Amino acid sequence: MGEVITDARALSELLQAELLGDGSTPILRLGTLEHADAQTLSFLANPKYRAQLDTSAAGCVIVAPAWRDAVVGRRAALLHSDPYLAFARLTQWWAQQVRPPRLPGIHPSAVVEPGAVVHATAQVGPMAYVGAHARIDAHASLGPHVVVEAGAQVGEGTQLRARVVLGEACRIGRQGLVHAGAVIGADGFGFAPEAGRWTKIEQLGAVRIDDHVEIGANTCVDRGALEDTVLEEGVKLDNLIQIGHNVKVGAHTAMAGCVGIAGSARIGRHCTLGGGAIILGHLELADHVHISAATVVSRSILKPGQYSGVFPFDDNASWEKNAATLRQLHALRDRIRALEKRVP
Amino acid sequence: MGEVITDARALSELLQAELLGDGSTPILRLGTLEHADAQTLSFLANPKYRAQLDTSAAGCVIVAPAWRDAVVGRRAALLHSDPYLAFARLTQWWAQQVRPPRLPGIHPSAVVEPGAVVHATAQVGPMAYVGAHARIDAHASLGPHVVVEAGAQVGEGTQLRARVVLGEACRIGRQGLVHAGAVIGADGFGFAPEAGRWTKIEQLGAVRIDDHVEIGANTCVDRGALEDTVLEEGVKLDNLIQIGHNVKVGAHTAMAGCVGIAGSARIGRHCTLGGGAIILGHLELADHVHISAATVVSRSILKPGQYSGVFPFDDNASWEKNAATLRQLHALRDRIRALEKRVP
Amino acid sequence: MGEVITDARALSELLQAELLGDGSTPILRLGTLEHADAQTLSFLANPKYRAQLDTSAAGCVIVAPAWRDAVVGRRAALLHSDPYLAFARLTQWWAQQVRPPRLPGIHPSAVVEPGAVVHATAQVGPMAYVGAHARIDAHASLGPHVVVEAGAQVGEGTQLRARVVLGEACRIGRQGLVHAGAVIGADGFGFAPEAGRWTKIEQLGAVRIDDHVEIGANTCVDRGALEDTVLEEGVKLDNLIQIGHNVKVGAHTAMAGCVGIAGSARIGRHCTLGGGAIILGHLELADHVHISAATVVSRSILKPGQYSGVFPFDDNASWEKNAATLRQLHALRDRIRALEKRVP
């Protein structure tokens, strides 16, 4: 990676943030409050880390205007109404400075089948494979070992990192980012029982992914049985997530790692799912539903809100006693009822 | 993909289903009742979707004979004793029509080591790798970037999709299907503790997969420590499943996504495991055991039946109250006992 | 694989174990007590399998000195203070005998970018990719389709199996082993909310993995947002594990399959995490903390010990009754309180 040399004034202009202190404070790196030095720019977004502000050696920090007093003595500070967002934007600018530009062109070791259309500004990496009649749009980038199967489409500016698989006839829109090892368009899991055996239901749909979608490493999005599995605009999926066939995920919904969404579920817009959450098949989640980590959703949720369902952990001995008693809970309820009848 | 043009009569013959109405009704696509048009064939298997039958525009539907009256006014319908199975068979026929045939031969970009035996009718895809003394049988197909390591075997007609890894000396039988990114034959997780460190137990077994097995995307099946890990005939595994070393999965057992089976577990025949279920190590599940999604099985199950164990989710505030109380459950039981002694 | 022909005496010397019986007993294979024959060496470590010792046909067994009497009648036996550890060491020696040596050199189908440094004794497998300024140290081995991105480093003797991805600027130390499909250095999952959309926080850190670390198939270790995600010396990760950005895992900690560690968690040294356990973000686990399988850890654990939190499974009907009652648990507690007030 390259290096960045800038200063507090330049960044205040970039972020449209109010500059306090010495605008010539040099900024050579971004970092946490805890590990910052005099040439580090840091930020404070979560009040929980307020104490670190006072002890941090950061040359410059981004804080909310309400904390103006807390940064008065610093060499430099930037005031922004949303420090976390300002920092996010700064990381984007920073990445642009330090990362080598993607060079257009098809690597000589790549295999591009006849009928595929690769835009002149797109990048096809080492040993990537582009199937017949696939389409790679302008400024798109396929990393090493990416597989884009026949008839699939990659939208403008979208990056598929190392060895992503985009299955036959699947489409991803513009400005997307798919991390290494993700598999888009494997067969959904569908079988009809037949005399103790399973008869495969061929999966004839595909996957449609809209613009600005990010998909994590080794995550799987299955193709639909008849219609397409759909991820709408702005959906963000972390690593090792399973999206079953025919699922529809609404715009701007985000899921943390290890989530599983069973087939034909309909997830609303602006939802969040914590890590390891499981949504059973054919359910519906309304917009703005938030599921806590590791919660198993076994019926539809039609009302926005936060939902949870996790066994509280404990030291093992305490857990064992409570868990054993839990298996008698229904009987305990009956005993309470009986007591209530007997007590005047 | 290609296109299909057929009609209701042809499909009634194909499926050995009774034709009602106009046999010349054109069928150009398969679809759900909800999104069907006049040239769509659909089906009704689950009574839950009965209402959709009346409003569906489907030109032809497959239903059970019991619902003959419900389809009398339609342009065409097919009566079959098992509509879901009939539909499954139809998808297979349909897929054969629309998918391009696999062409035999070794892609020039593939690497095949000396001593490997690739049948003349097999297909070795772009940039696939076949190790020394591996064997690829007739009509088998290796997708792009597949890795078949030394001494491994792929049975007749089996397909390994893009970048599947079949490890050293592992074998898969006939008519199998392994989806992109699956890893068969990584080392099992075995270490002996030694003064606070872990000493590796080399995994000297392999994986044996019988005929008609389907394995999902990014699923892992580890090699055995001494003997082979075994998936018997007709086993179906969804995506992102972990099968530990020495596990044996009985014939025709099916597992949904994100299941984890710890080492040396013995799973019976004709079992089903819901998504995210976990089976601890060295346990045994009898034949015809059915585990609900996200259930953790912590002891052997020797009796067929349905087993469950999931914390019921709730709105967050209710869950918090109940979860907190759960940590006192054993004490609550004691209080009930005390009350029972005090109440005459 | 090759073959091994040895005998009980040779192995007693190798393992520094006391030999009982006939030192010339031939040993051609290693196996479980259950499936052993007269030329098999087996071991007994877990007293649970004691009964198998009497019926096993194994030509030679490794047992603890305390069980000397139980093996007196056998053709041969080896006494070792830690039979499991002795067996582990034996598997390592055995593997060395049967596995073909890794040959140094860069496979002609591999792509190595200018500026990369590959040691003359290292192995770069078929169709592997080594990015600019990456460094592959002595005796390291990259399997088929491995991707080592720009500036990444692979330490001495470390093996990356088939199609591992080691992301830009990520480093793994000496004598490590990474199984097929693992992705090290994908972006951490970080977004700032902005008017109902997600603004990406570019992940500017990397991953640092110390010596003697093993990582399972399709496991993901994300790069840090600002600083590095760290796996210390001797960490062992099973398959399909998710390690979020900025996580630090202490030395010699081991995690079974399907574990998820959310971002910025700090896991101590010498911890164990059972399969499917989930650790929420920003938490801290002290050294020597042991988490049972499938337990969700929702607050920091500062005291060593075993912790659990799993809903006990049951036959479905019983579970349903208890789970339904659980949703009224807080109210039940109030009813018990009321009873206690009313009962003298």
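Points worth noting:
Per-chain numbering from 1; labels A, B and C assigned in written order.
Note that in this section contacts are C-beta pairs under 8 Å (C-beta built on N, C-alpha and C of every residue); 3 or more make two chains touch, one makes a residue touch a chain.
The shown structure was predicted, so the numbers you read here are calculated from the model rather than taken from an experiment.
When the CA atoms of chain A are superposed on chain C, the rotation angle comes to 120 degrees (nearest 5).
At the interface between chain A and chain B, under half of the residue numbers appear on both sides, which makes the contact a different-residue one.
Work out the mean CA point of chain A and of chain B, and you get 26 Å between them. Residues of chain A found to touch two or more other chains are 127, 145, 163, 181, 218, 240, 258, 276, 310-312, 314, 324, 326, 328-329, 332, 336, 339, 343.
Contact residues of chain C toward chain B in the complex are 1, 30-32, 35, 82, 84-85, 87-89, 91-92, 94-95, 98, 100, 107, 109, 126-127, 143-145, 161-163, 177, 179-181, 212, 214, 216-218, 234, 236, 238-240, 252, 254, 256-258, 270, 275-276, 293-294, 310-316, 319-320, 323-324, 326-330, 332-333, 336, 339-340, 343-344. Within the complex formed with chain A, the chain C residues making contact are 111, 127, 129, 145, 147, 149-151, 163, 165, 167-169, 181, 183, 186-187, 189-194, 196-204, 218, 220, 222, 225-227, 240, 242, 244, 258, 260, 262, 276, 278, 280, 291-292, 295-298, 305-312, 314, 318, 321-322, 324-326, 328-329, 332, 335-336, 339, 342-343.
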